[in-house]
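Order as written gives the chain letters A, B and C; numbering starts at 1 within each chain.
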Amino acid sequence: MERIGRAWNSDFVWSFRHSPVAVVSLALVLVLVLSAVFAPLIAPYDPFDPASLNLMNGFSKPMEPNTFTGDVFWLGTDDQGRDVFSTILYGMRISLFVGFTAVLFALILGVSLGLIAGYVGGWTETAIMRVADVQLTFPAILVAMLIFGIAKGITPVHMRDEMAIWVLIIAIGLSDWVQFARVVRGATLVEKNKEYVQAAKLIGRKPGAIMLRHILPNVLSPVLVIATISLALAIIAEATLSFLGVGAPPTQPSLGTLICIGQGYLFSGEWWIILYPSITLLALALSVNLLGDWLRDTLNPKLR
Amino acid sequence: MEMPVLSVRDLVVEIPTRHAVLRPVNGVTFDLHRGEILGMVGESGAGKSMTGNAVIGLLDRPARIAGGEILLNGERIDQLHGEELRRLRGKHIGMVFQDPLTSLNPLLTIGEQLTETITEHLNVSAAEARQRAVDGLREVGIPAAEQRMDAYPHQFSGGMRQRVVIALALCAEPSLIIADEPTTALDVSVQAQIIALLKRLCRERGTAVMLITHDMGVIAETADRVAVLYAGRMAELGLARDVLTQPNHPYTIGLMGSTPLASAGRARLYQIDGSMPRLDALPSGCAFNPRCSRAQSKCSQDPSPSLAAHQDRAACWFGGENAQ
Amino acid sequence: MNSLVVVKNLTRIFDVSKPWLNRVIEKLPRALLTAVSNVSLNIEEKTVYALVGESGSGKSTIGKMVVGLLPPSAGMVEVEGIDLFKSTDDDAVDRVRSDIQMIFQDLFASLNPRWRVRDIIAEPVAARSGKTDGLAERLLEQVGLSSKDADKYPHEFSGGQRQRICIARALASEPRLIVCDEPTSALDVSVQAQVLNLMSDLKDQLGLTYLFISHDLTVVRHMADRVGVLYLGRLVEEAPRDDLFDDPKHPYTKMLLEAAPKLDGFDRTPDLPEGEIPDPINPPSGCVFHPRCPLAIDRCKVEAPEARQIGRSWTACHLAE
């Protein structure tokens, strides 16, 4: 109880409680993430069960009974009669899964390489950081598309749809590790000259132990900030790739795929098919991003 | 007695935080006369720099002056803002800080900085300002002053840079200099040069100096009078020689005893146990009472007696009576 | 008395050149900084040897070479007869390493902010997979803190308390030699007194040997048995404490003692030192102190003096007597 009281009064929680933007963002993120996770329980229809689909329900307007069947769909249906609300919930699962996993992949890769570059120095550092520099000169989407294209070329046709999600994750992750590596390398350069690291060297600690046990915990707070902001970017990147048709397959539609599908009906008057997935994507990316901004301001004493 | 150059009365500086209002300076009172060097000593957090910053109006928000008066040559300066405050600094009060690099603009030559300050505050022509700047540099002991006018701050060594800062502080002929740890970042040999320089120039011009330092040796060799601060309050005020050789306040006594003395050899150092209380956890009564060997029940109940501006004694209920 | 530490002709050169490409383009030569030049000294067991000097004197560099954090460019350091960098006897090197510890100046950087005090103090033992039960608690009490402090994090302590924690960590592996690099420079006077007293007590109780590095002459005089004075990486004078302070031989030592502010120096006008410390990348020829030396003669400009014994002092000066 006392612990909770202390945590509640800690500077971190205090600054959270006193930032309306942070509170609203977190609430929104939680609602979206939870509804994605529990999509099977919340969604009124299973949009991927062909048996439950009725083509007669196609192009139902939101909140209006369908002319043929009389069914009412909150957010309307698409061309195949799939409930837009349900597809959004299921689509968000894919988007969030790809986003989280891609960021985790980028984080592990970037933090490890950054730690090694910063601590070991010399040619190792030069090699890692030059690769990072070169990669930074290409837009992330381009890198992701390149990787996606290569992967598509080497995977067998029958596995393509299954593999698509994983290829997407690797493509986004590989285009995103650089900023983790850069920040961690910079922080490591500062930390490795501090006396507590010298003291550990003096004791005879091995470099691996010093990096993992001493330096890593002290470079993690900027990593947390970047991870949050990267999550927003990764979700958008996934949507972009899917929208361009190189991402999630139509059998496993993400938010981007839904927007891509809806785009075809925008000018024929079925605006709801594209509007609602877009709003969801916007809300998700924006709230995660605002949360990341707040984290950065709170954890970075220089900006305070 | 002539009017003091600087007169500080019951100065209180407050920092509101979300838990409490902290008072890093709480009831500081002193006078500083023409040509006098007043040492301000105390350990970190005692409020000595905060007092200096309050005098020049350099308190960082949210810190603010919450009480008391500051008079410079008889005029209130604690209420000034913006333009008035800017004219006050430089023209009437010069500043010398611990790190000379932060007080010089790295993008301007020192000549530009000096002439700018001079033309800003004194009514002189550009040519005369330049001449005064060169003279100023020569006076602080910069060799080849004429040529060095066009050099940038980073082209000077630490000691030379601090000399430039002193020239800059003195160039508009202020009546008061606030020197905040002016030699702490310097080596011993350079420190001696800078202290001697500051002392000589202020004596010659009759400039009053508020010398903020933690080094008792520097106080002994430089200051006429000394104010000892503890937890934002004045513990003792008096002639430097008296305070250092016959301290009255138990804190000053402890401080002197814990300084390793050449003559004392290897004897165990006198120890004041504990450390200065944090501002958000000040004890009741006299702030020093939990560490004081003479504390009695009165000390934890009543605040210690406050010091008047020019009375030389300790802010202690028993200081006068029990003095060694 | 036998020497615990033997330093012979120790030299350390740092390459402070700009990157290769800049040097080629700007046609700059390689810049070498001789931080320590040909220093020899012995530290007797259970004594305090102090190294004094101003910035750039190489005192911290010597400290790092003695503890084995930095390899020498030339010369050698032997602790208990073992050269940490050249010895091939791994067991002996490991044993000697655990006999050496260090205390640092920076009170904030010397403790890992993410570790509990218990783990910080026990690390030297845990790293060698020794038993750490109750170790931190016992050491905390030994350095004057409470055993309850073991569960706290470093930011919960004041400067003086942090230095006590550093001392507790240094004691954990039961060392014989502790290199103290400006251990009290960041502390206030009253706290400095507490830490110096603690260090003296521990030395007597545990039979420790200190290499005490400081720029503060009063602290050195308080702590040291023997003092070495460094100037621009050269050992200019070395003597037992009382000889050095009462009868300094080298003009630099004299200048340093004269320049230091005295607690009883009311109305004193010290003889002011000449000039400032020269650029260590291009040190003066001959005796490096000659441009600032009031006694310098032509010989000093060309010939670097060898250390000579005068009384109980060793002095590297042509003219000292």
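Here are some notes:
Note that in this section contacts are C-beta pairs under 8 Å (C-beta built on N, C-alpha and C of every residue); 3 or more make two chains touch, one makes a residue touch a chain.
Note that the coordinates shown come from a computational prediction; the quantities given were computed from them, not determined experimentally.
Minimum number of contact steps separating subunit B from subunit C: 1.
Distance from the centre of subunit C peaks at A, each centre being the average of the chain's Cα atoms.
We define each chain's centre as the mean of its Cα atoms; on that basis subunit B and subunit C are separated by 32 Å. If each chain is reduced to the centroid of its CA atoms, subunit A and subunit B end up 54 Å from each other. In this assembly, the C-alpha centroid of subunit A lies 51 Å from the C-alpha centroid of subunit C. For subunit C, no residue reaches two or more other chains under the stated contact definition. Residues of subunit B that touch subunit C in their complex: 43-44, 157-160, 187-193, 195-196, 214-218, 220-221, 240-241, 244-245, 254-262, 264-266, 268-273, 275-276. Subunit C makes touch with subunit A in their complex at residues 67-69, 94, 97-98, 100-102, 104-106, 109-115, 120, 123-124, 127-128, 166, 169, 173. Contact residues on subunit C toward subunit B in their complex (touch as defined above): 54-55, 158-161, 188-194, 196-197, 200, 215, 217-219, 221-222, 245, 255-256, 258-266, 268-270, 272-273, 276-277. Listing the residues of subunit A that touch subunit C in their complex gives 194-196, 198-205, 209, 214, 217-218.
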